[in-house]
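Have a look at these structures, which come just after this line.
In the two assemblies presented below, chain A is common to both, partnered first by chain B and then by chain C.
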Partner chain A sequence: MSSLQGYVDRERLMETLYVILSPVLYIDRVLVILQDGRVIVGTLAGYDQKSNVVLSDSKERVYSTDEPVEEIPLGLYLVKGDQIVLIGEIDSEKDASTDLSDVRAEPLPAIRY
Partner chain B sequence: MLPLSLLNAAQNKPMLVELKNGETFNGHLVNCDNFMNITLREVYQTNPDGDRFWKLKECYIRGSTIKYLRIPDSLLDSVKDEQTRAREAGRSARGSHVSGAGNRGRGGPAHRARGGQTRGGPTRGRGRGRGA
Partner chain C sequence: MLIFSVFKTLTDQTVIVELKNDLLITGVLKSVDQFLNIRLDNIQISDEVRHPHMIAVKNCFIRGSVVRYVQIPADAVDTQLLEDATRRGSRFCYKRCPKFPD
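Right, the complex of A and B next:
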């Protein structure tokens, strides 16, 4: 997918199917990695040509080698495109079945120039 | 939804701005432009370590130095509603306008051209007659 459009607001797509699918409803979200090493998950509400993105219901995931992953609620975020390293779609089923309290990982280092 | 339309709608709303160097600015948005240059009023500034604070009456931040902005959650819904309203208003206004203009502007010349080109010889008389 060479355009971000496919990632936008998967939530809204699902709303129309909500009545039928409500028992198996997952809201597809994206994972964004920033140049300072932050990992943010959220629903992609919008973007523009410079890949500035709007993330709603976003949470930061803080990884550590000796503590469980901490999810910090951030709310509505507007991230500048020049800070973004990666945007990826989250497999919501896998994500939901992953117990973040079992996950230990090195935090990403910030990019250095 | 475009990030900049969200930002424009955030005028007079409180927000947190983090710069690339880690400094943060908490204040109310006064104004912004398409470069994401912004002015804030009643600002609390913190240094990157978050252990020193300054209070500023007003400040200007160059868009290119910004890492991200944190905006009140409620704004997303109000902007979405606003956009749907604008779209519907635009559709109904444009709908009546276009059909009127279409009949006059597009209809006239197209008929004439088609008559002249495709029907060539036999119907030339009719085509020209209508045009004139």
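Right, the complex of A and C next:
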């Protein structure tokens, strides 16, 4: 039993390392736009046939016209596929070179059928 | 199914996708599936000053259910052929529905 526990701990350690390192190394960072206009940036941890996605270490980017972009940490997020508008792969260099505190923009409009 | 086939012939063409949140995205159509989910490469947002949200995004997956229009190059589709295929398709539907005899 003790040997099994060892695996669990190592797995957890790797997970922790991954969560710490992925924002620094920008591994598989994606940008997800939701139907209500929210923008979430995170690491794509998984997806399925119905385009449900799991984002680890995710942050919501809140845009506003008179304040700089605010990044709200959300952590591990499961987004239902039917709420998703778009999933984009982030060019990490370009993302790192844009200073979000300079960006001012209207929030994206919600989907209207 | 017909429209799915049409989109499959349009791969590697540059298209403009208009979404139901009024976002216009130009890009090279890379793939499409049965739900008309679309993958675009080399994307460009039409009004980047107003919508800088996706400035670092190079390629994307768009959910079919949020697409309003896809603008396609006129010479990329044979309109006559498409018309005929559509007509054949609708006749096929009528045949299977007893209320509307052929």
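The definition used in the following text is that the second predicted complex is superposed on the first by the 86 of 113 C-alpha atoms of A that agree within 3 Å, B and C clash if a C-alpha of one lies under 4 Å from a C-alpha of the other, contacts with A are read in each partner's own complex, and residues count from 1 in each chain.
Here, a contact is a pair of C-beta atoms (placed from the backbone, for glycine too) under 8 Å apart; a residue touches a chain by one contact, two chains touch by 3 or more.
These figures come from a predicted structure and were not determined experimentally.
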**OP:** After lining both complexes up on chain A, report clash or fit for chain B versus chain C.
**Re:** fit
Original post:
Which partner does A:V85 reach: the first (chain B), the second (chain C), both, or neither?
Top reply: second
Original post:
Which of the two partners, first being chain B and second being chain C, lies in contact with A:V62: first, second, both, or neither?
Top reply: neither
Subject >> Per-residue contact with chain A, leading partner among chain C and chain B >> reply: C
**OP:** Return first, second, both or neither, reflecting whether A:G75 touches chain B, chain C, both chains, or no partner chain.
**Re:** first
Subject >> Which of chain B and chain C A:A105 touches, first, second, both or neither >> reply: second
Original post:
Between chain B and chain C, what is the shortest CA distance in the superposition, whole Å?
Top reply: 15
Subject >> Set of chain A residues, in rising order, touched by both chain B and chain C >> reply: 82
Subject >> Complex interface listing, chain A residues touching chain B >> reply: 34, 36, 45-48, 52-54, 56, 74-80, 82-83
Original post:
For the complex, which residues does chain A have touching chain C?
Top reply: 31, 33, 35, 37, 39, 51, 61, 63, 81-82, 84-92, 94-95, 98, 103, 105-106, 108-113
Subject >> Interfacial residue positions of chain B with respect to chain A in the complex >> reply: 1-4, 6-7, 20, 22, 36, 63-64, 66-73, 75-76
Subject >> Interface residues, chain C side, partner chain A - complex >> reply: 19-23, 37, 43, 50-63, 65-66
